[in-house]
Amino acid sequence: MSGLPTLIVSGILTGGIYGLLAMGLSLQYGVARVLNIAHGELVMVGALLTYTLYTGFGINPLVAAAIIGPLLFGIGFLLQITLFRGLKAWAPSQAAFEGNALLASFGLLYIINYIGLIRWGGVARAAYYLNYVVPLAGMSFRFNRVVAFAVAVVIGVAVYLFLTRSRMGRAIRATAEDPATAGLMGVNVNMVLALCFGLGALLAGVAGSLISTMSSVSSGIGFRNTVIALIVVVLGGLGSVPGSFIAGIIIGIVTSLVSGFWQPVLVVPVYYGILMVLLVVRPAGILGKK
Amino acid sequence: MRILEGQSVTKYFGGLAAVSKVDFHVDQGEIVGLIGPNGAGKTTLFNLISGALPLSSGEIRFKGQKLHGLKPHQICKMGLSRTFQETKVFSNMPVLQNVLVGAFFGSPNRVSGADAAGEVTQALEFVGLSAMSATPVIDLTLVDQKRVEVARALATKPELLLLDELMAGLNLTEISEAMELVTKIRDTGITIFMVEHVMKAIMGICGRIMVLHHGEQIAEGTCQEIACNKTVIDVYLGEEAHAGS
Amino acid sequence: MDITRFISTHRKLLLVGFPLLIILVFLATLPLYGGVYYTRLLTTILMYVVLSVSWAMFSGSTGYMSLAPAAFFGVGIYTTGFLQNTLPFPVIIPIGGLLSFMLALLVGMVTLRLRGIYFTIFTFGLVVFMSEVVAALESELFGRVGQHINQLPGETIFYAMLVTAVATLLAIYFIRRSRLGLAMLSIGGNEEAAAHMGVNTTRMKVLTFAISAFFMGLAGVIMAPVKVYIDPRIAFSLSYSFMPILMSIFGGMGQFYGPVVGAAVFGYLEKTLRGQFSTYFMLGFGIILVVVILFLPNGIAGLVPMLQGKLSGVIAKLRKGGKAEQHANT
């Protein structure tokens, strides 16, 4: 049993990935207004593709991530301009659109999951990368977890800067706030929606790549990752990217503590308990707006 | 009798006061108008009264009872009903069922099927929609959808009716018809508090008018008094000057 | 009483009721001539009927998207698992329903006061949550996860499911026509307006949600013996949320019979083709769901009025054409 500081730092490291998972979902819902419950499946695809590229072609996972990210971006982008834009056009109201989009993503969940199952089977595989232990402030952790955290932070900061400093970032935030007005002010709303959805998919894919370096992966990991992403997103505030990151760290720490002091099997019930309390007390999350 | 009164009613959204320390009252049997430029806080005030939004501070009393913490459905059953600025009809039902919802649920006591049906027939006749009872409400024109909203609100047997921009989007004939309808409603004993932009309607049927600007009440009085009130004129002329530039 | 008068006043009821009665008799006697295969098949289809119609009753009318059917169905399955050696089967059935009802009440009270999206997220997580909680419970109590279910004759299960399906359909039929049904519809139409017209929206939503969960729990209890062996992954399989949704959307939620049609079609497809092409089949179902949502949001039942409209349009055109010919000839 590790001591408290180790558990906490371990939780922070895991939390980086959780934050990355949630950021993608947050972007997709916050801007494109699609609650993509197939998010975890995209993570799975990223993870398994990385595995295949690493074990089959010897491509280093971090490099693979740089390939998979844009690939998934493209897939997300295409999905948005075909499927979700079509749904938006036909929907009688915003609420109907969000409902239909959610159901469509449920369909996607099955489609992507079963493509994964067909291609890779249900067997769990592992291809660890940088799996050796390194010392960190007197404690020791596996290097891949530290790297994953670092990558997550770098990406998180990059996304944050992009959203707050760049022109496109401003356009994105305007669209999230009020698409109609944004359109009137010259923003190409359709492009923004597709971009954000694609970006969300990219983040999912990269998270998957990082996960594959540290744990065993299979075609079934999607669902669990979606649930984690959802809980983190609600905690951090739907639509808030910094909120997702902070919430990810918190959930990471909670996971670590519950696993360490209690039992790993209690982690999900604890998440759920947190979710329930949150929904009663402050559904908008830490940094969310209603 | 004061059927509705508010003291120091305030509502903050973040740091912004949408409604600030507003005092108002409506006496039974009156038709009181609420006017003001866009964004003055009129619909927010209505939302505070109907229970759709919670107060930040202040007090609102309906028939002497504090409305603090009550939900919209409870306030409705007390006898306060409303229509909405963006017409909120039940888009998945025909006209008759829309009004039926009001008839069944608007009363504090259990309403029998027969009584509810009777209420609906009466309400539809009152607004002139009897012929369209089976039409899906989404197929109706804007005017008729507004009539459905009114009939539905009437079916809840209110003592006070809040009308939020009933005349918006109507042409001159329709406005006159609407004015007649509102007066007819008052004549049945229902008190009316109405938000309006159409001056002709306000001046034509309101006994008293309240003016809001930037969330504060800037004037209150009879139509004559308001029409001659310098502050009000400045606010509206100021609006027009901005609109022109 | 005059026979002709009776027939004309109750014409609609007889027109629909008589064929239904025949179907009911046909189903009730199925085990006698259908054999094991068809009995099993119909049992599965009836299970999906219960799940789909229950799901559509709540999510279809209110617009609140619930992904929880698997959770309530799983509760039913595990109720059998835990109680099979202590209580007789007919007693376990209502208990399973009741437990699901209470779980739904709890979940509803917490989440149905909020915007719909949080409710949906919660229901999605609920399935995983129940799965993990039950797994933890089994580990604690028995030291292992998963259990064997006592076998029951296929006919017993079939009749239990048949009775449950009929009861569910009747209950939902009457609820739709009741005050509760009207309240649900008004919430789906415009929730804020409904609240302002006196509808206690939270209470109505929670109640309806719990009722729909009750029926799903019943179905779960009954299906457990079919499975021989259960574990949390099998009992709380997301497929039991996915299939009813697919079936309701495909069949169309506007009409009462829509989900039934969907359940029959996909229940048949899943059961007959699952063995051979299981993986490809679920992939296909996913694609069908997406296609239907995109192009047929009102489902098959929605096509009916559309086709009727087109048909009368065609007939009107033909009539006009006929008249024009008459004029041309004179």
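Per-chain numbering from 1; labels A, B and C assigned in written order.
The working rule: a contact is a pair of C-beta atoms (placed from the backbone, for glycine too) under 8 Å apart; a residue touches a chain by one contact, two chains touch by 3 or more.
Quantities reported herein were computed from a predicted structural model and do not represent experimental measurements.
In terms of Cα-based centroids, which chain occupies the most central position?
Located nearest the centre of all protein C-alpha atoms is chain C.
Would you indicate which pair of chains has the most C-beta pairs in contact?
A-C
Report the inter-chain centroid distance for subunit A and subunit B in whole angstrom, where each centroid is the mean of the CA atoms.
Each chain reduced to its C-alpha mean, subunit A and subunit B end up 46 Å apart.
Using mean C-alpha positions as chain centres, tell me how far subunit A is from subunit C in Å, no decimals.
32
Find the geometric centre of each of subunit B and subunit C from their Cα atoms only, then give the gap between the two centres in Å, rounded to an integer.
That gives a centre separation of 41 Å.
For subunit C, what residues touch not just one other chain but two or more?
None at all.
Name the residues of subunit B that each touch 2 or more other chains.
91
In the complex, go through subunit C and note every residue touching subunit A.
Of all residues in subunit C, those touching subunit A are 63, 65, 67, 110-111, 114-118, 120-122, 124-126, 128-129, 132-133, 135-136, 139, 238, 242, 245-246, 249, 279-280, 282-283, 285-290, 293-294, 297.
Mind pulling up the subunit C residues that touch subunit B in the complex?
179, 182-183, 185-186, 188-190, 192-201
In the complex of these two chains, what residues of subunit A are touching subunit C?
29, 35, 37, 83, 86-87, 90-91, 95-96, 98-100, 102-104, 106-111, 113-115, 117-118, 223-224, 226-227, 230-231, 234, 238, 263, 265-266, 268-269, 271-272, 275-276, 279-280, 283
Can you list the subunit B residues touching subunit C in their complex?
Within the complex, subunit B contacts subunit C at residues 50-52, 71-73, 76-77, 81-82, 84, 88-93, 97-98, 100-102, 104-107, 152-153, 156.
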